[in-house]
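Order as written gives the chain letters A, B and C; numbering starts at 1 within each chain.
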Amino acid sequence: MSDTPVTYVRKEMLGQKAPPTSEVGPVRWVRENLFSSPMNAFLTILSLYAIYVVVSHVGPWLLNGIWDAESLTECREIIAATGDGHHSAACFGVISARWHQLVFGYYPSELYWRPILALVVFLVGISPVMFPSLPRKLYIVTLAAPLLCFWLLWGGSIWFPVSIALGFGVGVVAHKLLDENVSALAAIIGAIVLPLLFWLYLAGPIASGLDSVIPLGIEFVPSRSFGGFMLSIVIGLSAIVISLPLGILLALARRSDLFIIKTCAVVFIEVIRGIPLIVWLFTAQLLLNYFLPPGSSFDLTLRVIIMVTLFASAYIAEVIRGGLAALPKGQYEGADSLGLNYWQSMQLIILPQALKISIPGIVNTFIGLFKDTTLVVFIGLFDPLGIASAIRATTEWNGIYWELFLFIGIMFFISCFSMGRYSLYLEKKLQREHR
Amino acid sequence: MSTLTDPPKPGFRLSQLIYDTRYRSITIQVIALVLIVGALWWLVNNTVNNLNALGKDFNFGFLSSAAGYDINQTLIEYNNQMSHGRAAMVGILNTLLVAFMGCVSALVIGVFVGVLRLSKNWVVSRLMAVYVEGFRNVPLLIWILLIGAVMSESMPQPRDFRGEDATTSMILGDSVAVTNRGIWIPRIGFTNSISGEEAVAPIEGATPVASGGADWLLVLGTFALSLIAMRFVRMRADKIQHATGERPKTWYQLMGLFFVPVGIVLFALGAQIVTPYLKGFNFTEGTHLRNSLIALWVALSLYTGAFIAEIVRAGILAVSKGQSEAAAALGLRPNRTMNLVILPQALRVIIPPLISQFLNLTKNSSLAIAVGYMDVRATLGGITINQTGRELEGMLLMGAFYLALSLLISGGMNYYNRSTQLAER
Amino acid sequence: MKKTVFFGALTVAGLVAGAASAATLDDVKARGSLNCGVTTGLVGFAAPDADGNWQGFDVGVCRAVAAAVLGDPDAVEFVPTTGQTRFTALASGEIDLLARNTTWTMSRDVDLKFEFVGVNYYDGQGFLVPKALGVTSATELDGATVCIQTGTTTELNLADYFRTNGISYEPVPIETNAEGQQQYLAGACDVYTTDASGLAATRATFENPGDHVLLPEIISKEPLGPLVRHGDNEWGDIARWTLNALITAEELGVTAANAAELSMEPGNNPEINRLLGTEGELGAMLGLEADWAKKAIMAGGNYGELFENNIGENTAIALARGLNAQWTDGGLIYSPPFR
């Protein structure tokens, strides 16, 4: 070959051309994600239009909201004075004037620290269950939390919760003594019967006796003063906490081989689940007193908590039954082969695992229950919706709807959404651990 | 050990009841039975004592006494001179109506949204996520109240339709009126009604029409027969296809069977569309979908639809990708892949939670109380109890109704579920 | 009282109220507060104010009874009840006294086992319509949509009235007054019907009360009064005579302002002296202290004062005394003598 330079061969590479604008960046993203087919384009435009309609109607109303009006009339005057008459505006004055009622109901305002402290105690108490990395010492708080919260919320003499706690102490001591000296069966019977006897006949006199000697207590707040989100949380949380042991027993009973016990559990669960909560609430209000001995009558709030607890226990039982069923059979067989009896195998092997996988389900049940506590408005309790209608019944805020609904809805959304996320996180974590 | 060498003692010792596993389960059950029966007896005894103390008795005689109150939405004939039992029946039918409508529309919404949430279209899937989360995390009661308030606050009043300076008008060719008292839609009346109901002219000068249960039974019966006949045609086509490999064209037969018999029956009955019109305070004629029904129905369907959407989404995601790839490898076209491979598998995951959502919706229909929809809770469990003071009997009946309904739905759905389930090893 | 010690203990905690036993008076005294059933909110009759304190005409009756029995007009637990829940609340013993504009009817008195202790407001069922509707009489309401509270006598009256007049209507059932007001103002019903006093109270809270009129027809007699459970006559007597004391006090000119003074320096009107307990033993007959009526009157004033302060012509509700004037002024308010 000669040295003739080959001029038509390019020696250096051309620089990369920028890709066509339709293939990069936002344009490509938009094309591929939003307008990839006529159907998709149609859906995109429809969605954008729907968003536009909602935002253009609600946006100005929200942004022009009046926060410092004392009454609806005043608020309307402010709107009329500032706007051109076409734009509507929200009267959030009702929120700033009455938020404390929506949150605490008619709880005395100087005592707001008590429900807040009770919530903190509860959260601390539940934290070792929710986040296993925390020190196990916190379980002491978990044990004390129910009675402590009860005392903080209702107040009154401290000796009443103390005497209830003593009953549990009696049970533990009886179990230990009888187990060592007599037999395991006697221990179980003793641990159930003795505390009951203690509560029935001794707790009252002890509490009032101690109270007359050392009157130690905080101001008593009647249940009627409870309201707003506080009431929803109190009903929801106490129902879930009390229904857990009941639900576990029901789930075990439903999986049991003993025909009568199984049948009773099935009937109870199906009857509770087959009838709407609102019917149960009316039952609590109208009929519960018929079922009790003549002369006894519970506080309505307490009756509702009892009813909601029974209601929740049926749902919790089903959740835990799912957890029990999800355990591999080898776990049951392993427990049997170790020679453990039924209660030992449940306590040491089956339940710890089954409960752990049931936690997301329990959280979901709680979310449902928390939302359902709004139904108590129909039997005259002041839950957030009840407070909202009480606010609406006053002369100042007669005729205000959307703002109150919005506030209540957002509060519920925030709490339920975050709990839902927590339960999702747990589910994912459990899936990872089981791999 | 002595027990190994000694022959077991014959006879029965009391301690065997506790220590012998053969007898222990019986002992435990007997004790449980005694405790449960005792508790029940205690409750019943208390109730009897309390009723005696109040001077009340326990009987259902009130069901046959005159109710005295009016109900706005009645699916069967009712007036205030009829009995409390009849009023309860009206309420039961109203509950069933809204539960049925809610289940159907919640399913449609749920499937739509569940599929759209998996769409690659970012805007659409985000929007659906907002809808699902928004409805799942806010109490149903708030949605019912909100939708009820939107209906009554922002729709025009019937009188806005009146006169020369009407501020609003009916839509869809003057056939549908949307007001804050509900929506009036056209109905079908029959000039040659066989129901024996008195024919009335809907508007002065028009042909008198009537419509009754017998008419609709005839129309629906004919339609059902058509559907059966269509099935036969399809089966015959399948047979021919199996035998010869070629499927005869059947679409014209199917179309004919679908439309013609019903058309003939409707023509014979003299079916006419009766549109609503404004008379006095309200619209008249047509079918009135009341605010209470609409608010409850829409809220129930949207709320339950959000839950069903999640179930559908999870069901579709649960079918592994290998299934659709395998189907493609077999040469199945995409829609056949969907119909024959993905959906049947997804359905098995979807149906059990779907049943419980339908059950929830049915139970949640008792929230009718929030918007004044006259369901069984409002008639039997509300006004009747209140006017007669028979709360124990009324609540028992209502509880029994809901329980029976729930068991019926879950029983029926479980039966269907079992028939679609894989036979497991 | 048949209560286990456990319930006693819970009572210490304030959660269980022993009630529904034979002696309501003992229960109330043991509890230290009166459970009084009221409406969920009807301005002028019973509604919580911004601080959650209940105010109103019916509330005044509750406070007077609490003052007579316990000496403290604030020792009242107000239990809000709806038209549907009020009777069961009373029957079950959840409340001791129901002061919730409840109509005295025979079946309620006899069949539902309650005892009405008197009438504190003579009312009748009326119709509220917007002026723009151009309706001047209830007989023109053929085909109208009517908002009505369920579980009330008004529901039955309405059915009867439209039936006798041979006209039709469309009932819109509602649960509370607030709800009825919303529906009515939004125009979801043409007419709102309930007791005329309730209508006036509701109209008073409207933005433009002048745009709405009460139709002239009053279609029923609605004697509203407090009631107690059947069978506890001592308790019924206390409620009845507390109400009568308020009425008598107005007749005799005893007011919240001068009651204390009149009992310090007994005058020479023997009936006033008997009422205020400076003469005779009327209080002891009821099992109460001698100055029970004085405390009841000082709780919120006599009948006339309660009326004027809560629903009278100087308030937003602006109800005239009408039938509810003293018998001496031509009304129906009449108390048996204190003797």
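Quick note on the criterion: contacts are C-beta pairs under 8 Å (C-beta built on N, C-alpha and C of every residue); 3 or more make two chains touch, one makes a residue touch a chain.
Predicted model, so just to flag it, every value in this text is computed and none were measured.
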Q: Just grab the chain with the largest centre-to-centre distance to subunit C, centres being mean Cα coordinates.
A: B
Q: Have a look at B-C versus A-B and report the one with more C-beta pairs in contact.
A: A-B
**Q.** Distance from the mean Cα position of subunit C to that of subunit A, given in whole angstrom
**A.** 39
(Q) From the mean C-alpha coordinate of subunit A to that of subunit B, what's the distance rounded to whole Å? (A) 28
Q. How big is the gap, in whole Å, between where the Cα atoms of subunit B centre and where those of subunit C centre?
A. 42
Q: Send over the residues of subunit C in touch with two or more other chains.
A: 20, 88, 175, 179, 182
Q: Could you tell me which residues belong to subunit B and also touch two or more other chains?
A: 50, 53, 149, 153, 369-370, 385, 391
Q | Multi-chain contact residues (two or more partners), subunit A | A | 286, 289-290, 293-294, 378, 401
**Q.** Touch list for subunit C against partner subunit B, complex
**A.** 20, 83-84, 87-88, 91, 111-113, 132-133, 141-145, 150-151, 155-156, 158-160, 163, 169-175, 179, 182-183, 186-190, 230-231
**Q.** Parts of subunit B lying in touch with subunit C, wherever the complex brings them together
**A.** 50, 53-56, 68-72, 80, 149, 152-153, 157, 159, 180-181, 279-282, 284, 291-292, 369-370, 372, 374, 378, 382-383, 385-387, 389, 391
Q | Contacting residues of subunit B [partner subunit A, same complex] | A | 18, 25, 28-29, 32-33, 36, 43, 46-47, 49-51, 53, 116, 119-124, 127, 133-134, 136-142, 145-146, 149, 153, 363-364, 366-367, 369-370, 377, 381, 385, 391-392, 395, 398-399, 402-403, 405-407
**Q.** subunit B-touching residues of subunit A, taken from the complex the two chains share
**A.** 32-34, 36, 40, 43-44, 47-48, 50-51, 185, 257-261, 264, 270-271, 273-279, 282-283, 286-287, 289-294, 367, 371-372, 374-375, 377-378, 385, 401-402, 405, 408-409, 412-413, 416-417, 420
(Q) For a test of understanding, state which residues of subunit A touch subunit C in their complex under the given definition. (A) 73, 76, 97-98, 101, 105-106, 154, 156-157, 160, 163, 199-201, 203-205, 207-208, 211, 220, 222-225, 285-286, 289-290, 293-300, 302, 378-380, 382, 386, 389-390, 392-396, 398-399, 401
